[in-house]
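All chains are identified by letter, namely A, B, C, D, E and F, in their written order; residue positions are counted from 1 within each chain.
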Amino acid sequence: MLSFSTRRKSVLTGGALIASALLPFTVQATTTEARSARGAEMIRHLNNGEAQPNLEAMREEFPFLAEATEAYALGDVWGRDVLDNRTRQLAAVAAMAALGETGLMRVHAGYALNVGVTEEELKEIVYMITVPAGFPRAIAASQALSELFSERRSSVVE
Amino acid sequence: MLSFSTRRKSVLTGGALIASALLPFTVQATTTEARSARGAEMIRHLNNGEAQPNLEAMREEFPFLAEATEAYALGDVWGRDVLDNRTRQLAAVAAMAALGETGLMRVHAGYALNVGVTEEELKEIVYMITVPAGFPRAIAASQALSELFSERRSSVVE
Amino acid sequence: MLSFSTRRKSVLTGGALIASALLPFTVQATTTEARSARGAEMIRHLNNGEAQPNLEAMREEFPFLAEATEAYALGDVWGRDVLDNRTRQLAAVAAMAALGETGLMRVHAGYALNVGVTEEELKEIVYMITVPAGFPRAIAASQALSELFSERRSSVVE
Amino acid sequence: MLSFSTRRKSVLTGGALIASALLPFTVQATTTEARSARGAEMIRHLNNGEAQPNLEAMREEFPFLAEATEAYALGDVWGRDVLDNRTRQLAAVAAMAALGETGLMRVHAGYALNVGVTEEELKEIVYMITVPAGFPRAIAASQALSELFSERRSSVVE
Amino acid sequence: MLSFSTRRKSVLTGGALIASALLPFTVQATTTEARSARGAEMIRHLNNGEAQPNLEAMREEFPFLAEATEAYALGDVWGRDVLDNRTRQLAAVAAMAALGETGLMRVHAGYALNVGVTEEELKEIVYMITVPAGFPRAIAASQALSELFSERRSSVVE
Amino acid sequence: MLSFSTRRKSVLTGGALIASALLPFTVQATTTEARSARGAEMIRHLNNGEAQPNLEAMREEFPFLAEATEAYALGDVWGRDVLDNRTRQLAAVAAMAALGETGLMRVHAGYALNVGVTEEELKEIVYMITVPAGFPRAIAASQALSELFSERRSSVVE
């Protein structure tokens, strides 16, 4: 955990480093325990060292869905290292905006900002989304991003 | 136009250069003619110097849709320079795969390869798509990519 | 049936007449038999006096789905008279194009042409679809319309 | 109606009985009045003997949509007897969760619980939905189910 | 601008006039400035002479998306004159309802009422949507329309 | 493998047995190897003892997607035992039909038939799909099922 804080600093100061350089998980995790641990580490990496509230809320009533999110989505998929985290986050934000899934899009847009993506880059994804998915999904995504940007600014001030 | 051929070579040899470095269009195009010209240049940049057959086929019966594709989608949106072309193509491929639009996804995956994206990176987008959009869309995208890769390999041999 | 042929002529020569003026079904059909009959009449009205092949093909293996299509979709819904047939067909084409359902969109675009909608009006729907649903769905719809227009022209020549 | 109350008890005490065993509607309803009556009976069967508030709210401003929901969706479709009510509800919950229609999914999940489906079985549908439709839709469905479970528990206590 | 107010009156009193008869924009707008001006005029035409709040809210943080909405969606697409405004609005409402985009659907339903579409015609679109898109999307659209109708009635009273 | 053939017989003769009674995998598989083995066993159980061609085709070019399909989708999700295989297959068919994913829907409809679901039950799912997802998706699903039924009949004859 100490080393995690240390590594976080380099992200905050150095911008978009590649996850695989930060995380010692390039060895294939093969047990569910190791996959979940990799997912948990990934989420802390993406979420400024903190757990993800939605995920924690699922653990009691939907333990399998929580495990699948952690071990499969965040561990197996997000833990891969061919794409850097910035590109994967931008592509995930694009996919979720295109599908109209603004709630999780916003979560991943926050992760993107945490790993060095700029607000301007996220806005570009929203502009681009008008082409594959039309204006209603792009406008909904722009409103979700505006709220996210606003909350982050007010939480920095406090 | 001569300079275009020259610039293409650097793309083919040098890999994933950022579009805004290649294209002198950072000045806002403000007439429909200039926007269409920018879109046409962009498509040649993405498509190895050639016109896009689907777009040309629309010009006679659907002239407004062809113009909108060229001037708005490719000129206004793809001509922006905050994101580099590689990232925009990967995000567009992700959005189209998520929506099940495998036909245009394949076109943009081809553009992505032309501007230096690797096959491995495109595969990563497909893996990632299982998370926001599920397995049927990811599997359909993988089949479209397999066909694209195969065609490009056989056309190189000839 | 004789009166049907007579009425068809007025459609072919007189353009977009309102269905409720043509069809004596403004009295609410209340039995399944009457609703199906109204649907069958509607389909002949929309389809140049002929049965709809897809519907007929469903009758043996999917009799309930065939009945629901005939009695509910075509009888109850298409048989209503607040909107004229042209407007309903254009709105149905828009909805199906937006959803990517190009197969049934093409069927309804053919109906639209049969009740006096012009090719130019159908193209406008496709242009408009770029706004709510993006370019891939609009382009797919344009390709389906091109095929439809081409087939109808060659069948007229013969 | 008296017999309805009697039959309800067997559902509440006996768990997941098959609707067709409960409802004397296997004879095809052929008038709109009979179809609507069958739908109204079905909704009381699914909704603990009470009317469905959303449906009642539509009756004044959208009378045809209310009638279609009652006579077609609940009467014709839900009144069929090849599938038992439990399986149909689980399949309907799966379809609505996959489409992101969490509002009506929650209504049908409530019906499912009323005819003897367990909370664990509904959770399994949500887990399964990650495969055809991805994690955002599954997570949204899990949140809607959590709210439903919580409300039903607090209303039992009162 | 003076002439705009004058023309608005004829819309409010005279019902569903065709946009192309009102707007002197049939000459192709070819600069972004002229396209944006045409879009701004169109929005005032559709919105009782007032700006559109969502659009204005986007201008600061998402200037390109605001420009694309104004110049492309409202200027280029809505400014076309093959379809009259009533038909285009009904088709747009159908497409947005089918996609589940009830927020923008409601905006366009308001525009439709402003250019002379009746509440009954909008309800017909919603009934029809059960066929291409199913009951959950139609019911959600009916609820959005009910709210819109109710707000407009209470604002007229005041 | 011998015991697998033995167990298959009981399925073919005895109808819809619950998977957990057939498969000795109720113990949680915790390594990727064990999860993949469970998925492979599940696919043979669902597919009459044979491998799934689409899955095998993915192994070379998309090894991670093949592994995720086998270990996550078929091992972790399909290997759960709260729902019996028949109910899970019917719900999966409903979800895929609702999403318009007729290709994989057909694969899972074939699995459903292999574990004792009847053709009539699959048709009921398709009828039901008109309610949550509309007629185009239901009709497309009916056509895919017709093809599947026809192929299976002709392969039995040979």
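One rule holds in what follows: a residue touches a chain if its C-beta (ideal position, glycine included) is under 8 Å from a C-beta of that chain, and two chains touch if they have at least 3 such contacts.
As the structure is a computational prediction, the values presented were derived from the model and not from experiment.
Asks: Could you name all chains that are in contact with subunit E and with subunit F at the same time?
Replies: Output, common partners of subunit E and subunit F: A, B, C, D.
Asks: When I count C-beta pairs in contact, which pair ends up with more: B-E or B-D?
Replies: By number of C-beta pairs in contact, B-E is the larger.
Asks: By mean C-alpha coordinates, which chain is most distant from subunit E?
Replies: Of all chains, F has its centre farthest from that of subunit E.
Asks: Please flag the chain sitting at the greatest distance from subunit B, going by CA centroids.
Replies: D
Asks: Do the two copies subunit B and subunit C share over half of their interface residue numbers, or under half; same or different?
Replies: Since fewer than half of the residue numbers are used by both chains, the interface counts as different.
Asks: Could you give the separation in Å between the centres of subunit A and subunit C, each centre being the mean of its C-alpha atoms?
Replies: Chain centres of subunit A and subunit C, defined by C-alpha means, are spaced 46 Å apart.
Asks: Counting in whole Å, what is the centre-to-centre distance of subunit A and subunit E, each centre being its mean C-alpha position?
Replies: 36
Asks: Just the number, please: Cα centre separation of subunit A and subunit F in whole Å.
Replies: Centre-to-centre distance between subunit A and subunit F: 32 Å.
Asks: Can you pull out the residues of subunit E that are in contact with at least two other chains?
Replies: Those would be 64, 68, 73, 77, 80, 96, 99-101, 104, 123, 127, 130-137.
Asks: Could you pull out which subunit D residues touch subunit E in their complex?
Replies: Residues 54, 57-58, 61-62, 64-65, 68-69, 73, 96, 99-101, 103-104 of subunit D touch subunit E in their complex.
Asks: Name, in rising order, each residue of subunit D that touches subunit A in their complex.
Replies: 100, 123, 126-127, 130, 134-140, 142, 145-146, 149
Asks: For subunit C, which residues count as touching subunit A in their complex?
Replies: Those in contact with subunit A are residues 130-137.
Asks: Give the list of subunit B residues in touch with subunit E in this complex.
Replies: Those residues of subunit B that touch subunit E are 28, 30-33, 35, 64, 68, 72, 76-77, 80.
Asks: What part of subunit A is in contact with subunit B in the complex they form?
Replies: 73, 77, 80, 82-83, 87-88, 90-99, 101, 104, 120-121, 123-125, 127-133
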